[in-house]
Structures are given as C-alpha cells and as structure tokens.
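Both complexes shown next keep subunit A, but they swap its partner, so subunit B is in the first and subunit C is in the second.
Presenting the complex of A and B:
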C-alpha cells in the first residue's frame, strides 16, 4: 500500500492506494498515523478510493488508527470507500462509528 | 455437467498467486451469489482464509504453500483451505463484534472473527504432518 499525504483546511488527507494487506512491502498505516499524532496532527481523512485489496489487516489498521486519533482528542473520517469496503463496513456495523463520505471535501468539512 | 455441483481447485505459493487467482474466485462465486454484497463478503472471507494460510504456511516438498478448493453444492459454497504450518484454534475466536473488536481493538487477529461473522460454518481440522484444513461454508440467498 502507498500513502500520499496532503493537507486541506487544517485536516490531514491520506490518500491510500494499492493493497491493504500484511506483507513486507507495506507501510504500516497505524505507525504513520501515530507519527502524525506526535506532530500534533489529529484530524485525519483517509481517501480509500484507490484501495484494491481490503481484508482484516486493513480493517485492523483503520481500527487502530481511529482509536489512537480519538484517544488524542482527534478524529478520523473515511472518504470514497469502494463498494467492497462499504459492504464490510455495513456488515460489521463499523459504519456506525466510522463514517464514509462520497468525497474528500465532504469528509474534511465534517472534521472542521 | 451437473450444474448443481461444481468445483474449482487452485494452488497458491505467494500473495501474487492469490491476487492473480482473485478473478477466478470471483467468477466462480459470482455464478451463484444473488447480490453484490453477498459476493463481496464471500470473496473477502475466502481471500482472508487464503491470505492467512500463505502468510503462516510452510512450503513442503512438491506441495504448494496453500491449496484452495471451492465447491458449489445445493445452494451453498464451500471453501476448503489447506496449508502446512502451526496449529491454530478457530474455536477460541468469537465472531467479529463492534463492541469487542472495534472499541477494544488491540492488535491483529481479526481474520477468523470476520470469517466467522460472514460465513455460516467455520470448521478447522488438524491433520497429520502439520497439515491444517479450514472449511468454510456460506449458504446462499434464495432467488427471489
């Protein structure tokens, strides 16, 4: 998985692409988020429109990131989750706590 | 060919193998699933089981690291995933729940809870010679 970082209205936008799976080549998303928190950046949007593989590793990374951000007084929103990811969110009821937005702009606005 | 009973067997030695077999798995399950949600969740469970089997599996002589068999029979899809490696216990893991797994999430271990939540049956058997066999079954929705 690749992570591209940008900033919009004081909110960090992480554009994720590729496979959210456990292998040696993947960057740890949770570690990345913990580094952001250490820099005082606690409002994060994850743009998941380019994720091609999502399983328990990806879910775990989202849960860990969400928990760390919440514990630091911040928040996490998801944008552009693919149909498959939304199916998992719905089935597991994660959608109740981790909201998905159709666009990055909407997700950023929800954090302001 | 009996349309009520079909099967597919795939040998997997790497995550790349799994990725390149993904379309075959989707195509097989897609023949019988009635909704895209049903197909998405079934695909995720099967890929999850294979991913774990490759991640924790060991290469044994001429055998592949992981073998996946898909069978359709009587409105159900059964996936049998075999690998060689350490024993694991599906019984000690509960189904995924938002309270237990999300709000109290620590580290890893979500694969089996997710599979248990999605599939109707999850059975594990430890065979001789460090062979693990995981059998997961999904009863498909009836046609409207």
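Presenting the complex of A and C:
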C-alpha cells in the first residue's frame, strides 16, 4: 500500500492506494498517523478510492488510526470507500463512528 | 640509512606484529559482537596510549541513504562520543574512507557540537573498518596521553589494526544478526504453539448434532481462534474470532480472550452480556492497536435454538434445509474499539437439515495469482455442493477448495471454519 500526503484547508489528506494486507506496510499506516499527531496534525481524511484490497488488517490499521486521532482531540473521516470497504464497515458496524463521504472535499468540509 | 633507524623500524614492526597477535588471540575466544569490539578497543587503548576508544558500526539496514544513517555505537563506556559528533564523524568517514588524525580538535572547523558529551575530546585518531571494499564502521581512539599528540606511526598502527579487525567485527555482527533472527523465529514458534494449544483438541459430541471445527494458521501467525465450551449437558458455547496483529502479542490477547470467555460462558446465559464484558476487558487491558472480531453462539440442544451475538465478525451463514439463507449478523462492532458498548443479540431455531457455517475472513479473502478473492459465493457453493456430508467433510471440502483456488500463492492469513449440522 502506498500513502501520499497532501493538505486541504488545514486538513491532512492521505491518499491510500494498493492492498491493505497483513504485512509490515499496513501497520505503517498507523505509524504514519502517529507521526502526524506528533507534528500536531490531528484532522485527517483518508482517501480510499484507490484501495484494491481491504481485509481485517486494513481494518485494524484504520481503527487504530481513528482511536489515536480521537484520543489526541482530532478526528478521522474516510472518503471514496469502495463497495467492499463499505460492506466491511457495515457488518463490523464501524459505520456508526467512522463516516464515509463521496468526495474528499466533503470529508474535509466535515472536519473544518 | 643508518643502523639506529633500521633498528627502530624493526622494533616498530615487532610491536605492530605483537599487537595484531594480541588482538587475534583475544578475539578468537568469542563470537559475541560486544565482546569482540571491547577486546579490540582495549588493545588499541593499551598500545596507542590513549584515554578512550570506540568502534562505531554503520547501520546497514538503510543502504539508500548512508549519509543520514544513524550510527550504532558500541564502545567500552557509554557516552564517549557525543551524538552529533558521532554523526559528523561517520559522515566524514563515509565520504572520505581514509584515516583521520586531529591533534587540536577545538580548532578544526569540520567538527562542531563537541560540548554535549560528558567526556571532553581534545585529539582524535580514526580509521575506517572495511570489508571487501565496503565501509562497515569506524575505529576511533581519543586523547593521546602526553604532549606530543598522535603521530604518523600511531595512524599507521591504527590503520593496520582496523584492516585486520574489520572482518572479525563483520563476522561477529553477522553472527549477532543471525542470533537475533533465530530468537525471533523461536518467539514466533512459541506464539504458534500457544495459539495451537488454545484450539480444541476434539470436536464436541452432542446428541442430535454434528459439530466440527478446524483452523489452519498462516506461515506468519495471524490471530484466528475458535473454541467450544460445554456449559451443561445440552448447551454448548461456540466462539470464532480473529485477533488483530500477529506473533506473541496476538497470542497473548487470544489467550486472555479465551480465559475471559471460558469464565463468562459458565455464569452468563446472555451472548450480548458476555460480549460486553469481553469488550471492556480488551478495551481496558490493551493498547489502541488491539482488536478482535468475535462470533459468540450458544447452542441449546434441548430447545434446538441458537442464541448469538456478533462483534464485527464476518456474518456466519445459516443454510436452512430448503436452502433459504440467513446471515447471523446481529451484535455490534469489533471488541476493544469502543468502551461501554452495548451488544445486541438474536436467536434462531434449528430444524433437521439446517447447517450453520462460521468462518474467518482468511477463507473469503484468500487470493489467487490473479489477485481475485475466494469470496463468499465460492464458499457457499462448495458448502452447498457437499451439504449431505458430515460437518468434518464439509470443512475438508472448503479447505480443499481454498487450497486449489490459491494454488501456489502463499497463505497470507489464518483460515478457520466451524460447521454445525442439525441431524
């Protein structure tokens, strides 16, 4: 999985692409977010439109990121989640706390 | 050339040889990196008449960017080389790869930030440690005793020691790495043993039902878990879960979860309540990276009912005898994510010919070489085709189908399945 970072209206946008799999790279998403928090950046949008595979490890990394951001007074929103990811959000009931937006702009606006 | 200088040259050569002999003899007694380094440094300090010495090893894990590589420092006493100075020195050595001799370091503008160490450095002599033309570290001695400072003879001596020691140090480093790797492997094996020991040794026997479970861990242990807990002669608790992470932390979380559930199962008749307690336990006793999905079902053979709560686990299938499909999804989110969370529960009645399939995502998300997932549809098809077989046969069919689907691809996650048939 690749992580590309950009900024929009003071919100960090992480564009994720590839597979969120059971490997060291998926764990690094949480590490990446923890580094952002250390820099004082606690409002984050994850653009998941280019994720090609999403399993329980990806979910673990996402939840860990959400928890760390919330604990430091920030928030996480998800944008452009694929049908597969939305279905995982549904059956795990994550959907109740982690909202998905159709566009990155809408997710950023929700964090402002 | 007169006789005196011949004699002093010979004396020097004899001294050099005896130093090298001392080092060779000393290091032949150990493989330990720390000890090898200490021995070499001790010999240098003794023969070059200096206050202190150290060997810095380059961190070889980052080959792309050596200049910014943080050095790993091993020395006889801690804090000999101030951190910034160490970085500057290793940077200089990476660039120049030749001996360095400075007798008045406070007037040398190549090096700054000497003040942050407890040990004041006045003079320094360094030589590169190279094996097969590659820089692996730096041998340094500091603060020559007496007034004359480091001489060219000292530089020659240190260079010879560095040349002779480099391979010994590299061998010890490789041995060190190998030991570390072995330790990781042992820990993983230990974690796998713990996990495998948590799994039921046999399938439960309950009148009117055929129940079986099987779990196959991936190469690097994932976190699948299943359990059968008999609470009385007609009731059986069935759990299938997936704990986040791998290795020892996952194994520990899993054994914690199992102990909690085994305790709860005997006292709590409600699946939802049991989930709430397990959730609290995981939330409060672990860090933010630990989660578990869990399906918890209570099968009552007397009333032929199945009472359950699902914490974010892939919803099991209930295949009715008329092939009607029901997903067992009522419950809540994954365990360990939110504190004080209320879990819902539901109940289904079981009739003759009904089958429940509880599985982990390692089955549906198994990938073939074209990056396609095995998926729920394939799983259902395999199960339905062999529905007349026993619970164990259904499980074997699924494992076989997943195996032939992924073909040569390595198994990336644990796969687990529990089958309950009302006969």
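By definition in this document, the second predicted complex is superposed on the first by the 108 of 112 C-alpha atoms of A that agree within 3 Å, B and C clash if a C-alpha of one lies under 4 Å from a C-alpha of the other, contacts with A are read in each partner's own complex, and residues count from 1 in each chain.
The working rule: a contact is a pair of C-beta atoms (placed from the backbone, for glycine too) under 8 Å apart; a residue touches a chain by one contact, two chains touch by 3 or more.
All figures in this text were calculated on a predicted structure; none of them were measured in a lab.
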item	value
Simultaneous placement of subunit C and subunit B on subunit A, clash or fit	clash
Touched partner set for A:102, first subunit B, second subunit C, both or neither	neither
First, second, both or neither for A:71, with subunit B first and subunit C second	second
Partner chain in contact with A:63 - subunit B first, subunit C second, else both or neither	both
Subunit B versus subunit C as contact partner of A:92, first or second or both or neither	both
Contacts of A:83 with subunit B and subunit C, given as first, second, both or neither	first
Which superposed partner A:53 touches (first subunit B, second subunit C, both, neither)	both
Which superposed partner A:7 touches (first subunit B, second subunit C, both, neither)	neither
Region of subunit C that runs into subunit B when the structures are aligned on their shared chain, from 3-11, 165-173 or 381-389	381-389
Intersection of subunit A interface sets (partners subunit B, subunit C)	21-22, 53, 55-56, 59-60, 63-64, 67, 91-94, 96-97
Contact footprint of subunit A on subunit C as seen in their complex	218, 220, 222, 242, 244-246, 288-289, 291, 293, 312, 314-315, 329, 331-334, 337-338, 361, 365, 367, 371, 373, 412-413
Contact footprint of subunit A on subunit B as seen in their complex	15, 19, 36-37, 40-41, 43-44, 47-48, 51, 55, 96, 98, 101-103, 105, 107-108, 110-111, 114, 117-118
Of subunit A, residues touching subunit B in the complex	19, 21-23, 53-56, 59-60, 63-64, 67, 83-84, 87-88, 90-94, 96-97
Subunit A to subunit C touching residues, read off their complex	21-22, 30, 52-53, 55-57, 59-60, 63-64, 67-68, 71, 91-94, 96-97
